Structures are given as C-alpha cells and as structure tokens.
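Below: a set of structures, written as structure tokens.
Common to both upcoming complexes is subunit A, partnered first by subunit B, then by subunit C.
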Partner chain A sequence: MEGMSYARTPRVKIRELKDDYAKFELRDTDASIANALRRVMIAEVPTIAIDLVEIEVNSSVLNDEFIAHRLGLIPLTSERAMAMRFSRDCDACDGDGQCEFCSVEFHLRAKCISDQTLDVTSKDLYSPDHTVVPVDFSDPSGEESSEQRGIIIVKLRRGQELRLRAIARKGIGKDHAKWSPAATVTFMYEPDIHINEDLMETLTLEEKRTWVESSPTRVFDIDANTHQVLVVDPEAYTYDDEVIKKAEAMGKPGLVEISAKQDSFIFTVESTGAIKASQLVLNAIEILKQKLDAVRLSEDTVEADDQFGELGAHMRGG
Partner chain B sequence: MELGSLADQSKATFSLSDEDHTLANAVRFTLNQDPRVTFCGYSIPHPSDNRVNIRVQTTGDPAREVLKDACQDLMLMCQHVMKNFDKVVDDFKMSQHVKVEDRWPW
Partner chain C sequence: MNAPDRYERFVVPEGTKKVSYERDTKIINAASFTIEREDHTVGNILRMQLHRDPNVLFAGYKLPHPLQYKIIIRIHTASQSSPMQAYNQAINDLDKELDNLKSAFEAELAKHSSGY
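Up next, the complex of A and B:
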C-alpha cells in the first residue's frame, strides 16, 4: 500500500459552513476514522425529542398514536442535550424520566372554532424552557412561506379539539431515528484524475467532445482556444467508470487514469436543525472520545466477569 | 471483558458490549498501526447481539496494554481533530465576516 504512514494529526479544512450545513475536507487519516465519525454523527450524538405523550382530548381525524408519532419526529433545539442526563440513568427521578435534569414538558392546546380549517403546527407546542423549542425553519429574510407556520401536526375542522401533554427526553439515533441530529452525513474519497496527454492529442476535436460528454457529470471540459481536454471539477466524478469504458470503446485504453485518494475525505453534513452542523461534528468527536475512554477504563475492572460467571473464569484460565 | 490466558498475556480477545463497527473498526485500524501488534481483527458474532470481539496478538507485550495504548492514541487524534476543527471554523467565520464588511456600502 502506498504511504501507509498516516500521521496522528489529520488536517481539516472548511469549504462551506451554514447553521444546518457543513462541507469540509478531512485529510491524512484512514477510512475507518472517517467512517467512525460519520456513524457517530448519525446514530450516537444525542438530541432531545418528544418521547412520551399524554393525550387529554383528541377529536381530530388522526388517532392518538399517530399524533404521538408525529410529535416525536419534530426536531427540537438540542444544544443542551450533551449536558443533559438520559432518563434511564437519572438519579433525581429514579429513571421515570419526569424531572428537570432529564426531561422537558410541552403542552399543546388547540381547538377549531371557525369554518376555516385550523392547522396545528410545531409552533403550537409550548415549553416552559426556552432552550428547548421546536426548530424554527422560517427564513430570516422574513418572506411569508408555507414553512413560516412550522411543521403541521394535524388539521382540525370546526368543533375538533386537541389537548395534550408531551415529555421530551434525551436520546440517540441508535435507539430511534427521531433522535438523530443528522439529515444526511456523507463522505467521499477525493478522486485523483490523470489524463494521458499524449494519447489525448491523438483524438480529433469531435472525438474529444464525445468522450467528454460520455461522463454523466461534468468532470471534463474542452478549452475553447487550445482544444485541450481539462479536468474542470474532479469532485463531480461519481466513480461511474463511464469515461474509462468510453475510452476503451474508442480504442484508446488508458486515456485517463482515475484513482481514489485513500487518505482524503470530503464530508457533507446536513443537520435537522436540532444542533448546528459545526457543533454536530464537535459533539461526534467528543462522543467518540468518551467511548474510547470507557473501553480504556473498563479494562481495569473486568466488570463483565460476573455477567459471564464461570465461563469467563474458565476461558481466562486457558 | 477480556478472554485470554494467564500464561500468555500477549494474546487476548476483548469483548465489548454495546459497541459496533463505529468503534471496533477504528480501534482495529490504530492497533494495526502499532508495530508491536502481530495480529488484530474484529468480528460481530451475531447481528442481534450488541457486542464486538476484538482479537489482539502481540510480539510479547500484554495485549490489554497494547489495546489501551491504541485507545489512547485514537483519543489524542480525536483531540487533535477537535482542536483543529474548532480553529478552522473560527477562521472560516472570521473570513466570512470580513467579506461581509468588505461589501458594506461605506
């Protein structure tokens, strides 16, 4: 393998950064590390989501559990989640998950009294804690849009009513996808594209054009003046091999060589809005560190020996 | 939990509950970087058990110490990426800020 001397010091470079979107390069590391980071972001960074719903009145067209499910899927701002406790290991409330350290209570009251259909949305959820509220997707530019009123939970006609109490708790995506802070997290290997210039010059302009157009994404282009084939956007390449097959079909194998750089990754992170994209990455690294720490320390205690009883002792003895 | 023999500390299988590819593959990679390791691999014995087994065989050092060092190494790397990421985000925000100010009408 080429250059397997990965340093312990990966480099990071930000390409784009918005509240709910980040694109960055991670270099000088291995796919296993990049993948660990991706997997933690999707399934193990905690957020807060509605987990328990007590319905007082529901005369809407949707049944109770349907509404409870919809409530669970609403992203809530979760900057606090890292510092919060999981209700299962909360001492203050013996794990019933109803205390201030591990839960946030929401109330929803809506009744339609006019002939106009009433949309019950995430903005109708009231919480006493202003740090945990349904994510606001409205455009800060203030334009009136359909998203302005939040996420629709149910629609009510005249006389219908919905009244409920909901408890939001901390959780992770591994337990239920509603707790996943990530809409998508992907990484790609950076492609390394080399055009065989000598071979390329044996092609006519027309041939070059058909070859360039054989790529489903716009990776190559032809310089208008010199008629040279240029790589305009290597990252648009989707590893589809179309240009390579095309070159072979044209009787010019080896026209282009494309390989994936094994130590450079381009990440795209899209957040649901529960946590800022940049914070999501930092939280993921923190979680990974905690997991490693847990392994390192549990080695001292060999705690699970009781769990395995004689079997463990037996294996230990050789 | 560690399964090995008392006689030969240089070979052991570590069974980690509630972990998966996320941790095991990264740890396996760091272990394989270590020159003391002669063999390292991991497996998930059953997809519905939340458990991974990591096998470590070394040139002589106790396997558990080598595993701990690998965890330590990986943690330092995480620390480094975290520090870097933080800095890079700040730099990026700063540069965006400057650009906005450049466009200011006065």
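Up next, the complex of A and C:
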C-alpha cells in the first residue's frame, strides 16, 4: 500500500489573460476541485481593506458610519496580503496601531473652499506605504475619464470638511465581502455536442433553420453552401435543452445529443484589482493547500488511536 | 443583537482540536472525523478523493447545521486499509494534485507573459 497514489495531474490552458481578467480551461480533474478553487477565490484569498476609521471632522452630508462603510469597500492593492499577518494573530501589536506586520495607516483631509462641489475620492487617501494604495482604475492609454479621479467617497459643498484616520488590515471574504479579491469567478462544464447527421439530412432547409433558431444562444449555424448544420460555438450552449425539446416537437428525437464533460471546465475569473487575476488563481491553490495541511491528523490523535487499536485487538483476540 | 461574531466562522476556539477522530463502535474499519471551522470547500474535495481509493467502501461528509461551523466526514474501508490511512492518503493525494495544478498553471502563465 505504501507509495500508492491516486493523485491526478490536471491540465491548464489559458485562453485570455489581462491584469484583472483571466479565462482558462481546466481539464483532468473533477467538479469538487473546480468548485473548491472557485469558493476559495471568492471567500478565502486574503486582501487588505480599511477596517477601522477614526473620524476627526465630518461636516459632510453623509454620516460617519456611512463614510466608514464606503472606505471599507475601496479595493486596495494587496500583493503583500499573503505574506502579512492577520491582526488577531499578530503578537507584535495590540491590533489597532501602526504595525508593519498587520496594518497600514491612511489619512484623508479634504475641505471645500470654493463654490464648486468638491469630490472626495479614493485618490485623497494617503499612506506612507506605497505598496498598499487604492486601486488605480485609470486607462493606461491616458484617456481622460471619470475613473481617472478614483472612486468617489463623498461630495462636499463650500465650508464642508472631512478629516479622518483609517487602518487597513488583512482579511478574507468569509469575514466580510469587502476583503474578497473576486468580482466574479465562474466555471462551466465543457459541452459535448453530437449532431445525428443522418437524421439531420431528413430535414428540409426551412426545418433546419427553425431548429437552429430555437436555440436562445447561437450554438449552431447552417453552412451557406452545403446547407449542413454545424456547431459553431459549443460554449454558447447554456444547457437550456431548447434544441432537444424542439427536435422532439418536430418528431425528430435524438437529432442532437448534448452532454457535459465531467472532467473539463472553463473558468472565468474577474478580479477587483486588489491582486492580478492570475495571482488570484495561484493564491487560491496555495490557500487550499494550507487548508488541507491544517486538517491533517495531529500526532496525539494518531497515538491515542494506536493504543485504542491495540487494546481493541487484544480484547477481540481474547 | 445576539448574532455570532463573524470570525466564529473560521477561527478555531482555543482549547478545541481542529480535527477529532471517533471510531465506530459497531463496525470495524469505520470512523468519523470532525473538522472544526471547515465547510463544503474541504469536505467535498476530501469526499471525492476518498471515492477514488478502491479500499474505501463508503465516504461521505455533512455540514450538520449552517450555524455550527464544522463538518463531519465518515469513512468505511476494507480490512486491508483503515479510515485513518484512507484519510491521510486522500489529503496527501489532493496536496500532490494541487502541486501539479500549480505547476501547470505557472507553465501556462510563463507562455502568456512572454507574449507581452
């Protein structure tokens, strides 16, 4: 038995990759792994977010807790989060100060002194740590847009002021969604579509057209020259069964067979910008490994059972 | 006002074991593993990996209640194995699979990054 292994070797193919977006194929594994990865990306990969706010002056139209909540939701660049400590585990501080291991301090000072409304945005948050800053959504091409000015926190009119100190900490989405690095993470089973060509050829061109059009998404099309029905985009299929029902209604059951491949998944990962989409996947794998390591049996549990086992064997053996 | 603290969902309370093991009193080679502060993420991958082990006769997990932050994994094996052996093997194999997945993803990433 020793040395026996039932471990698989999954295959990956990245189709599209941008800083905050990744689309990839995952093969030779099962839905439990795909779903565990999805769940970990959403709820257990850590990021840094504002968690404690001390308001010095707030004469804006929004109340203190409303502003504190909005500050919490601002994504902060979190490449450092994996290596940081959770405040609750930090033994270098009491958890609410400027501790380099577990927190980052921000300051915001804004006062409107003109008749023009002043937008207070994420760009007004200052910290001495340049590795943890509000995510910059501006287009690198330099096009002037509303996003160029950051995320609006509150608007001030003449005479209104906002002054505060905020502490950002490491956290996970399971605690509060503000710490989730994932905007969306989805996966779908890769569809396997087989057209019964012989049966299809018993259809007239007009019947083929109505059948092709019965699909709510454009999965099939008709070749202009050969008038053959083709699968043009299998992944557009939403498992809606419409074409199968249509075939039955036309008196042609079995015209098409569609199944979901049980070991092939297409992932779409969108990041909030806190970490890159590719890093989000890698961090999720690492976190899942750490979780598995944490659920290993401890030595004393094994020893206790060995003793019990011997005793049991002794009793059974007489 | 009596809502449990959010951290209760993932912080193992002091003095509590992360994993505890209990043999079945009636069936030999059957046991339950109680894992504190884990959910479907770990429960389901372990269950599916245990199903791939031919010595495992039964493997299942349950989340007893959404407000009880623990899962229970039950394993019944053939006589040449034991629930503890199967459990450890499943964790080791999943760990290996994740190493393989990591390498595969990094190899693909290297291909895509060089294209920039």
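We adopt the following convention: the second predicted complex is superposed on the first by the 284 of 318 C-alpha atoms of A that agree within 3 Å, B and C clash if a C-alpha of one lies under 4 Å from a C-alpha of the other, contacts with A are read in each partner's own complex, and residues count from 1 in each chain.
In the analysis below, a contact is a pair of C-beta atoms (placed from the backbone, for glycine too) under 8 Å apart; a residue touches a chain by one contact, two chains touch by 3 or more.
Fair warning: this is a prediction, and the values are worked out from it, not measured in the lab.
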Which superposed partner A:D175 touches (first subunit B, second subunit C, both, neither): second
Partner chain(s) touched by A:L282 [first = subunit B, second = subunit C, both, neither]: both
Partner chain in contact with A:Y126 - subunit B first, subunit C second, else both or neither: neither
Subunit B versus subunit C as contact partner of A:Y239, first or second or both or neither: neither
Partner chain(s) touched by A:R88 [first = subunit B, second = subunit C, both, neither]: second
Set intersection of subunit A contacts, subunit C complex versus subunit B complex: 6, 8-14, 17, 24, 29-30, 32-33, 35-36, 39-40, 44, 278, 281-282, 285-286, 288-289, 291-293, 295-296, 302, 305, 308
Residues of subunit A that touch subunit B when the two form their complex: 6, 8-14, 17, 24, 26, 29-30, 32-33, 35-36, 39-40, 43-44, 278, 281-282, 285-286, 288-289, 291-293, 295-296, 299, 302-305, 307-308, 312, 315-318
Residues of subunit C touching subunit A in the complex: 6-7, 9-11, 17-21, 23, 33, 35, 38, 40-42, 44-49, 52-53, 55, 80-81, 84-85, 87-89, 91-102, 104-109, 111-112
Residue ranges of subunit A touching subunit C (in the complex, touch as defined): 1, 4-14, 17, 24, 29-30, 32-33, 35-36, 39-40, 44, 88, 172, 174-176, 278, 281-282, 285-286, 288-289, 291-298, 301-302, 305, 308
Of subunit B, residues touching subunit A in the complex: 1-7, 14-17, 19-23, 25-29, 33, 64, 67-68, 71-82, 84-86, 88-89, 91-93, 96
